[in-house]
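Each of the next two complexes has chain A plus one more chain, namely chain B in the first and chain C in the second.
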Partner chain A sequence: MVKLLVVDDENEICEFLKSFFEERTYNVMVANSGEQALDVVKQEKPQVVLLDIKMPGMDGIQTLREIKTKFPKTKVIMVTAIETRDKIEECLRLGADNYITKPLSLEYLENDVREKIESTARSN
Partner chain B sequence: MGRQQDRITSHLRKRKQILKRFLDAVVLFILTYFIYAVFQLVAGFFFAESPWLRAPVVLLGFSVVIAVLFYKRVDYFIFFAFKRLFLKRSDQYFFALTKLTRDLVNILDLPEVSNLIVNTFGETVGVKTASLMVFDQNEGVYQVISAFGISPSHYLKIRFAVDRPIVDTLRSYAKPLVREKIRKLFPWQEANQLVTEFEILEASCIIPLICNDQLIGSLNLGVQEASKPFRDADIRFFHELAKEIAPVVRNAIMVEELKRANQDLTQVQTELIQSTRLSAIEQLATGLAHEIHNPLTIISGKAQVLLLKKDKKGYDEKVEEVLKTIVKQTKRAADITRKLLMFSQGKGSTREAIAFETIVNDTVALVSYQMALDGIRVVKQIDHHLPVFYGNPTAFREIFLNLLLNAVQAVGKSGTIQISVRYKTLDRAIEIRVADTGIGIQAEHLNQLFNPFFTTRKDATGLGLFVTQQIIHQYSGSIRVESKVGEGTIVIIQLPVDGNGEQENEGPAEYTQQKIAAH
Partner chain C sequence: MTSQAYHEALISAAKTMVRVQNPRSLLKMIARFIVQQVGLTHASIVIHEAKRNRYIFVDSKGSERIPTKLIRLDRNNPLIEWFLEKDPKGKGKKSFLLYSELLKWVNANHTNGRYKEDQKAHLVELKNIMATLKSSLCVPGFYKGELLGVLILGEKIDHESFTPDEISFFQALANDASIALKAANLRENLLQQNLELELKQKELKEKLHEIELMRTREQATYHQIVLSLAREVYAKDPYTSGHLAHVEKLGIMTAQEMSYDLKDERKRNTLTAALHLHDVGKIGIPDAILKKKGPLTDEEWKVMRQHPIRGAKILEPLTEFRDVGKIVLHHHENYDGTGYPYGLKGEDIPLESRIISVVDAFHAIVSTRCYREGRPVEVAFSELEKGAGTQFDADVVHAFIRAYQKAEGKQSAGKRSIERIA
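Up next is the complex of A and B:
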């Protein structure tokens, strides 16, 4: 089963995405902060991480940098409210695999996650 | 000032007055005698028959009257010639330099003051070099700012730190220093250092400029052309003159510093205004985005979940319609904050082809809710075939937003705002007009509109038109406002198209965010 980690400081968003992806037979884990997310990534090694940027404490960009240096195979999709162009460019430079803004198109998100998993499978 | 002027000329006056008296007497005598001789000749020729007209007393009387009448003019020429012929060169430059102090009083521009001083010294005293060194507060050094007989490439490099021997000595000695006398005045080692610095300045005499006990600079004179040393009287005179020149130079320096400070301040103010303004929108937009987009995500998300399930359970058409509307309307709400953020982005100088139509539509969309509430109608007239104009889209969005918000404010309840963008073939310029049927602007406020922080409203910053004007000027454009109280206001902007493309441009580019988030 594909492991997916949803990181957002707003729990309602996490719960919503969890139920959406669980219905589509994903193994969904949830983290509410960057620090928590790093722990989960270390222990569970999810294939895909959906990562919010604006979070108290360690923000999404720092988390992205950590994940990409320690676990470069993990696909990270930034899922965030809008941010400035600088931030978007920084994310892409740090190796984010996509950047999706809220409110989400669920269809697009699901396709994108599937695509990332397939590309991981191909490269393996 | 007057007293100093008296003091400086006092030792000139004695000599000058005696000369003048003597000259007066001689000139009058010669003139009278000359006229008397002419009269005698004329009278002897024409009035031989009437002896009373030939009487010497009558002729002399006439001669005196005429001599006195013409004296002023004759005197001037004779005095001038006399001065040139008989006065020593040094006496001549006494006059020229005294005149210099009078001229200087009316000048406040530092380059002008310093050039006049060095050139007058160079030309009248006949020195090979003359330079003026002043203290630059910004750099904390004494530097030569003007020179006669020294090339700019050389003298502009001359800088003395405040602890250099020459500066120290000038400050404590406070009198003109003559190179030949240094070895008598100072110990050997100090004298050697001073001579080196005299050489740097190409000077044989350095006169300190002291004002309120502070050394503000020095006047450095080279050797005289005839290579003869300065007389003690000359040096004393220069000393007196320096006391006169010093306050003038000090004032000019202060004016110069004020000008510079004012310039810096204006620049800082402009930068501050621009940055605070933009980052405020930016902060507002990202804050709003976070607060609004999360709930919108859930609302839209849950509707999408139901829509995706509909095949399995079979909703009736009405429910499907409602769900689709929810998704569509949440997207629309999100677009507003997205647009708001786009306004604040791209502070850099990226230039791209400006899509006036899109920008106007975006701006109107941002304000449309407010306008609909107030019953304001917007008429847009945008030429579809405008010439390509390169600029910073963020700046142009800001311009339209400023103008539109002003218009909305002016119209208040119900009215019309007309936005037009046209190409004026004759002016070779793109003309933007934003006209409203609002309250209008009072005549006395019209010329203050572009001042920063000028506003008649309590809730406004007064920066809108100021920033707009700054941006327009960057594109060599013009902006003017016409208004009638009670009838409305028109803002007219002209952007010249010629030469616009020559500035660097990066070609049309889409927004990165739109490219990435194309879902």
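Up next is the complex of A and C:
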């Protein structure tokens, strides 16, 4: 089963995306902070991480940098309300695999996650 | 809730709605109201965002609420598409969607193959999105066939199914909310239009600056520019073509009758320019108001009453036109101080403004306008007489009538020519 990690400091958002992806037969884990996210990535090795940028403590950009340094094969999709060219470019430079702004279309998000998984499968 | 209780709740909700100007807070109230009064796991509302043609969440209330900032529904979302499509059975739009019915359709379609494959896939998608939104009932809000939003409702806390009374209650709410939303959108559009016109006016002002520079170099084109500016105003209203020449003629005539020193070239030019340009401020007023056939609303009058100030502002950059601007500014003042924009009285109002006031009123009465047919000269005279001393300077009214009659006497065909011009 495909492992997916949802990272957002708002638990409501985590739970919503968790149930959305679970209905679509993903194995979904959640983390409410960057620090938690790194632990889960280390232990569970999810194929795809949905990562919020704005979080207290370690923010999404720092988390992205850590994930991509230590686990470069993990696909990371930034899911965030912040939409400035600087931020988007920074994320992509740090190796983010996509950048989706809230409010998002669930169909688009699901397609994108599926695509990332397929590309992982091909490269393996 | 009983049918009677719904009726009462609806009336009280409708009363509140009238008081709420901001439709977003109205929608939030509706979501809260439904969750509390009907007892649902959640009540959520999406509305159409015209700019990006998508549906966004305004609010979601209840224990199973949807994170409103997280998701949106695009135009091609199965749920939105379903409501945008016409009802194949009925003639109009679909009025609600129950998850329980949807399940039946999916299964029926599974067993007897009544539907084609793509329709089946569509229904399954629809079922999935309703499941994701934890919704048992969706009710669309239409305004004149336009899908403005959808009420997305969770299940009842007591797990009972929705009664027809409840469904029609939600429909009534969705309907009223749509009307409130549409009204607010229209208000917003009007504000937007006004903003655009302000910009247009700014451009015009810049153009006038250029003209001013040019004018100092090329004295000969000066009057042409002034005229073209005035024509720009009258071109907006086909009924006022011919207005310029007529108003100029009547104004000069009246001034002459009042022993206004027309030999002073500067004074004559000022008066002529003011007669031409008194309505130049209308260039910044939306056509929807300028050409409106019915009576204007209070709001529209407010906009309309700005035209003397706008006109004076337009003329501001033309240094030669300083006096003209002042005359334009006051051409809607009344002799008794009841006019606008400043409520000036009597001799405080420039004489030229008082002349324009009379000439303009006369012209308005005899001309055919978009809202009515022109009336005879005699009617106009009697209206002016009625206003002498209150709306108009009595001296100007009498001078005008004398001058008009003299001109008519001189010209045997005078009356016809005036009528033709008017």
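We adopt the following convention: the second predicted complex is superposed on the first by the 124 of 124 C-alpha atoms of A that agree within 3 Å, B and C clash if a C-alpha of one lies under 4 Å from a C-alpha of the other, contacts with A are read in each partner's own complex, and residues count from 1 in each chain.
Here is the rule we go by: a contact is a pair of C-beta atoms (placed from the backbone, for glycine too) under 8 Å apart; a residue touches a chain by one contact, two chains touch by 3 or more.
What you are looking at is a predicted structure, and each value in this text was computed from that prediction instead of being measured.
Asker: Would you mind checking whether chain B and chain C clash or fit side by side on chain A after the superposition?
Answerer: Clash.
Asker: Between chain B (first) and chain C (second), which does A:F16 come into contact with in this model arrangement: first, second, both, or neither?
Answerer: In the superposed model, A:F16 contacts both chain B and chain C.
Asker: So, does A:P56 touch the first partner chain B, the second partner chain C, both, or neither?
Answerer: neither
Asker: Looking only at chain A, is it chain B or chain C that touches more of its residues?
Answerer: B
Asker: Quick check on the superposed pair: does A:P72 touch chain B, chain C, both, or neither? Answer first, second, both or neither.
Answerer: Neither partner.
Asker: With both complexes superposed on chain A, which partner does A:E83 reach: first (chain B), second (chain C), both or neither?
Answerer: first
Asker: In the superposed arrangement, which partner chain does A:L104 touch: chain B (first), chain C (second), both, or neither?
Answerer: A:L104 contacts both chain B and chain C.
Asker: For the combined three-chain arrangement, which segment of chain B clashes with chain C: 308-316, 344-352 or 452-460?
Answerer: After superposing on chain A, the stretch of chain B hitting chain C is 308-316.
Asker: Pick out the shared contact residues on chain A: the ones touching chain B in one complex and chain C in the other.
Answerer: Comparing the two interfaces on chain A, one with chain B and one with chain C, the shared residues are 10, 12-13, 16-17, 20, 81, 102-108.
Asker: Over in the complex, which chain A residues touch chain C? Could you list them?
Answerer: 10, 12-13, 16-17, 19-20, 23, 81, 102-108
Asker: In the complex formed with chain B, which residues of chain A make contact?
Answerer: Touching chain B: residues 10, 12-13, 16-17, 20, 54, 81-85, 88-89, 92, 98-109 of chain A.
Asker: Once bound in the complex, which stretches of chain C touch chain A?
Answerer: Residues of chain C touching chain A: 54, 56-57, 65-74, 77, 128-129, 131-132.
Asker: For chain B, which residues count as touching chain A in their complex?
Answerer: Contacts found on chain B: 282, 285-286, 289-290, 292-294, 296-302, 304-305, 308, 330-331, 334, 337-338, 341, 344-346, 511-513, 516-517, 519.
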